[in-house]
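Structures are listed in the sections that come next.
Common to both upcoming complexes is subunit A, partnered first by subunit B, then by subunit C.
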Partner chain A sequence: MTEAIIADPARSRPKAGSPWTTAYGWAIPLLLGVCVLLAMLVSLCIGAYPMSFAQAARIVLHLAWPGPLPENPPWTVRELVVVQVVRLPRVLLATLAGLGLGISGTALQGMMRNPLVGPDIVGVSSGAAFGGVLAMLFDFSPAGVIALAFCGGMLAIFCTFTLARLAHASSSSMILVLSGIFISGLFVALIDLVKRLANDAQFPTMAFWLLGSFVGADPRKVAMIAIPTLGGGAVLMMMRWRLNLLSLGDLDAQSLGMNAGFVRWTILALVSLIVASQVAVSGVIGWIGLVVPHCARMLVGPDHRRLLPVSGLLGALLMLALDDITRALIRAEIPSGVMTALIGTPVVCFLFWKAQGKGWGRE
Partner chain B sequence: MKPPVRRCRELLWIAPFLGIALIAAGLLRPQPRLPLPAHARTVVDAGGTPVPIAQPFRGIALAAYPNGYLENTRSPGLLVYAGKPSDRKRFATEMMSWVYPEVVKNDALWNAHLFQETDSPFSEIETLLAYAPSVYLGCGGPPDVVRRVGLPVYNCGGYGVTFALRRPELRAKVGCGSPTDPLQRLYPRHYVKEGGYYSESYLFPAIRSLTVLTGKADEAEPRIDAYCQSVADLQQELQPAAIAHRLHVSALGEDRGNLPRAGVTDAEWDFDARGDDGERLLYLDPDIIFITGLNASPREFMSDPRRQGLKAVAERRVYKRFGGGIVTKPVAMRWIAEIAYPERLKPGVRQLLRDRMFEAFHYRLSDDQIDELLNVKQNSSSAGAERFTRGYQSADAKGATQ
Partner chain C sequence: MSNTVIEFNNLGHAYRPGEWVFQNYSAAIQQGSIFALLGPNGCGKTTLLKVLLGALKPSTGSVVMDGRSAFVPQLFQVTFDYSVLDMVLMGRARQVGLFSQPSVEDEEAAMASLDRFGIAHFARHPFHELSGGERQLVIFARALVSDAEILILDEPTSALDLKNQIVVLDWITRLSHQDGLTILFTTHHPHHALAVADNALLMLGGSNLVSGKAGDVLSEENLRALYGVDLKLLAFEHKGHSHETLVPVLPYASRARQQAR
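Up next, the complex of A and B:
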């Protein structure tokens, strides 16, 4: 069973996609994109202050449209404050975090040819979290937090690969996962050490931040995650053909004229940047990067040309939905990291159950 | 060469990226700010910031726990929001809920539908916008973001917020008798570090600013005078300067500001407060231990095998003490002093507590309520605690009459 699951997702693609996917698969990213934008507008209507969908859409449209806001707008200042200051930063933060994690998870799984890989499994999240708490310990600026989180993420992934290489099995899926688990364990221990060294004022901040939450979203945090996620994500999108080649294996990719090592490290750097920015602004949020690629693969198959955008958009949708559930239905600030784990675990169990019948890894 | 239609399909991912980027760019616009109310009176809060209060007055929404507000202002009628439902449960067990039972009973003040169970300042903004009180009151520093959008935020100070150090006009007024207070010379490091060391460093700015907010500014100084008079009476009776051997006291996880006034030495004054640390306690080996900040009772604490080497445990001098605000703090000081130096003071805590509550709120505490405030039951196994029981009080009074 394990072998079946760990098998190469690229090889597991259906021999020929379903007729529906073949004919209309190109439209799925577009549809999902529209769904994400609609979900963002719906999320803007959720909260204590009453806000209609039309009013939220009108305000967002005017905010996004270049040029000054109207002199006599059809909304009140209170409504503008609710949308621009309170809800929109949080909605954007959730959307971008989900988008980044979905893309990162898919890129890592494709590159490592291993469906068990996610940013939290290979140690990027733990490394970034360690960088973040270290920056908090030394009272760094928010930019310093993101920079150290990025360095931590890169260091963790470098360690993971180096460890796998020491075992003379850098291309073995199982060894990579094991290395990731070891390195993650190391960084988790370092995080605990930093927490122990923190003073009474720093400790609660660190503890809450590590659980993962969008509380306290503001324009600065949105900028901190938007630039790396949208920029890095765009570059990954442009590399999605190369990801297809890389998922065939290094030898095949090199025989097709691709510099596999360079592409691999470029992807790793981009993933680290995206995950680090996400961890820096909203803490460690697990499961999305692991679960969403599987859901997307069930929807559009393993071709990264479609899989990558669909994963990103599905991640954004899922993250937004979870955040809405947290703040609207449960009416409590349960950390998003906790919510994703509570929802992600049953999803993975379901996928495991489904895999017995259809399988990701059937040869 | 791909056909143009296929190339366009391959680039469809750009659309949501672009959409999200454009919406995110909308946040770069200047933040909106609520206009000033048409009719307002401006008051300066404990942080020195002028706050416009809309007129006619629509009420106060508390971001802080209601106990302190009520003890300082005695104006429950001005509240439109008192706290979260979890705050209500806690408040219902405390002294101010006896004095103002209507605050606990009024569901509207603890409205879970309008005010979410969250500590997020952003959700607070939203709920405040929905409820529109005249002023949003926070003690300990409400988030700047609430103020930035133009909501009337009033900062009433709070423990650990050293406004007094930043505002010279308040610095001169910190503490009863400071800055010439002799205790300042004994604890210079804390005097600087905590803005005056004593509880007064946050109690006085809080009452001064809150009474201004509620339009009863003239009531602050008499209450402060009453506090200082109680402190002076205690000093007069205790004569702390004449105490040859000052007892060392550890107050685990709680306010240590009262200790010097009670004539005892804070054994942990050179340590950052980190709650219960068994080894540190063994190292310090204080004469008396207060464990209000811990969940354990004095009896449980003293029966813990890890504590058996402590002098305070051997002498059963472990207590759970009570605190409070400007009304009950002087009583708490006397309570500590009577515990530490029973031979220097007559038993007077129960009567003093009863008197101060009546003077302040015209509320008569029952014996049961006093027992509860003084933790008589919990301290029953501690040395000298019988001094605070009602029987002891009457026996003493009888003796005094004879």
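Up next, the complex of A and C:
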């Protein structure tokens, strides 16, 4: 009798197999992956020294599969140096930073059940930045900078959660955002304090680093961001379906048999590691982690199995595009952190306007 | 008893020391039975469910839950617009490894579960677009696909229209009788508890409770003590079956209507 009330025999039963497990499900990430590779090659051609797309591709292929150098290589030494030493590290750095921020933002939004969260809003970025400037103040090695940035990021997110828990609302997304803003404010103040304590040589370095930039990219920096981003990102990718469960809330996730606390802290640690490595090598770059998940959600929907890889690829694409604009169109080396904020703010305003009554306020 | 699946003894919870939500609660719930939890607003029904689910630590006493459980919250809303199939698929969390994704077999199981409730045609629809009753069935489908043995529902019929209330109550009975699920639900409707529950527990506040067979516990006297209002127990026959229900007596409205007549 009950089936008769609900069921409609006229409607056909759809086949099992979500879009993610079908060929169509892979099409968008694959297409985006190709776009990222093409954007990387195009980015290698952009700059003061002119270079053709084919030439850049030939040099990259040679660098990717190094064999004996041909007697008469089709490129000049200067071209090789421009690609290998100047542009490739920067392009890789921008790609990895965008990839990491896109993944991190999506993971945080899913986990905290709030589409207005990003690494900079919950305090991870400012905590990592504080760790970074502190390491610079004490003249730590680059590895020390990344280690302290990671600790700062973890400390900030721990403080955010503790504050929300003190308010007996660790699962309330609005309280979490508020806590993140408070903690972020505290770490920004601490950063200012460290800047005051810095000497004349340290201060400009800190100030420029904090603005977020890919200037001075080198293979060492690429390695510093690549290992945490690709390693942490791979683990996050494997856990991406768990984000769907976490987004239901702890009680529901737990009743479905998931250890919500363990999964949450594992994801937080991975996000902190990725964001800290990004902050350590290129300073604070806001908005990517907030805006990219929304664009990706519009493209492939909310299922994190598809959303997370697409967010990473979109983040990489956006970051590369912004860096290209910085280098090619303006040529004034505006820090990437400033560029992302200049472009990100209107995008968020647009999303706010579009999201009215579409469920963003659901608790 | 061997077929007891939920048992709590001297259970108590206080959010702050000395401020007890409930105290010294003991009960045993048998496998395959339907157990109703009743009490006025703020008496701690949801808190008791959270303690039973392990989301809150009991201040006193102990809970033994022998079986996989699935929880259906009071107002089921999700932040993101997942499809119905995605929602049901989440029920496979126990079967899918921590670092794995659901397989095609998991999706087949989810579809079969949706089929069982006659809502497979909604598989690709956004969960938010469904009505309250349909959403409740999706959550039942999710519980079924999770291989849960115990279903814990927090006010499953709240905010549902009359038809959907009947659909949900009917499914609660089916899941218990046909699938052998043990069902524990809270409700503000004593007649719902009387219609479907085998046993009931009335939370009278503090350490006062009445527990036992639903037909015995849901008496006019006990319900007057619980809610402070009068209810009448009515028995009638319909299509050859005998029924009992509880009807609230509205003091002012009844007098006003009589005077008007």
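In this section, the second predicted complex is superposed on the first by the 325 of 363 C-alpha atoms of A that agree within 3 Å, B and C clash if a C-alpha of one lies under 4 Å from a C-alpha of the other, contacts with A are read in each partner's own complex, and residues count from 1 in each chain.
By our rule, contacts are C-beta pairs under 8 Å (C-beta built on N, C-alpha and C of every residue); 3 or more make two chains touch, one makes a residue touch a chain.
Source: prediction; values computed, not measured.
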| item | value |
| --- | --- |
| Which of subunit B and subunit C A:V222 touches, first, second, both or neither | first |
| First (subunit B), second (subunit C), both or neither touched by A:N114 | second |
| Contacts of A:D139 with subunit B and subunit C, given as first, second, both or neither | neither |
| Touching partner for A:R305 - first (subunit B), second (subunit C), both, neither | both |
| Which of subunit B and subunit C A:E71 touches, first, second, both or neither | neither |
| Which of subunit B and subunit C A:S255 touches, first, second, both or neither | second |
| Common ground on subunit A, meaning residues reached by subunit C in one complex and by subunit B in the other | 305 |
| Interface residues, subunit C side, partner subunit A - complex | 50, 53-55, 68-71, 73, 77-83, 85-86, 89-91, 93-94, 96, 98-102, 104, 107-108, 110-111, 115, 117-121, 123-124, 128, 133-134, 137, 142, 146, 152, 163, 167, 170-171, 174 |
| Complex interface listing, subunit B residues touching subunit A | 9-10, 12-17, 19-29, 31-35, 112, 114-123, 125-127, 129-130, 145, 149-150, 272-274 |
| Contact footprint of subunit B on subunit A as seen in their complex | 26-27, 29-30, 32-33, 36-37, 40, 47-50, 60, 63-64, 69, 77-78, 80-82, 84-90, 92, 95-96, 99, 199-200, 215-219, 222-223, 226, 230, 233-234, 237, 305, 308-309, 312-313, 316, 327, 331-333 |
| Complex contact set, residues of subunit A against subunit C | 1-3, 5-8, 11-14, 16-18, 20-21, 110, 113-115, 173, 235, 238-242, 244-245, 247-258, 263, 297, 301-303, 305, 359, 362-363 |
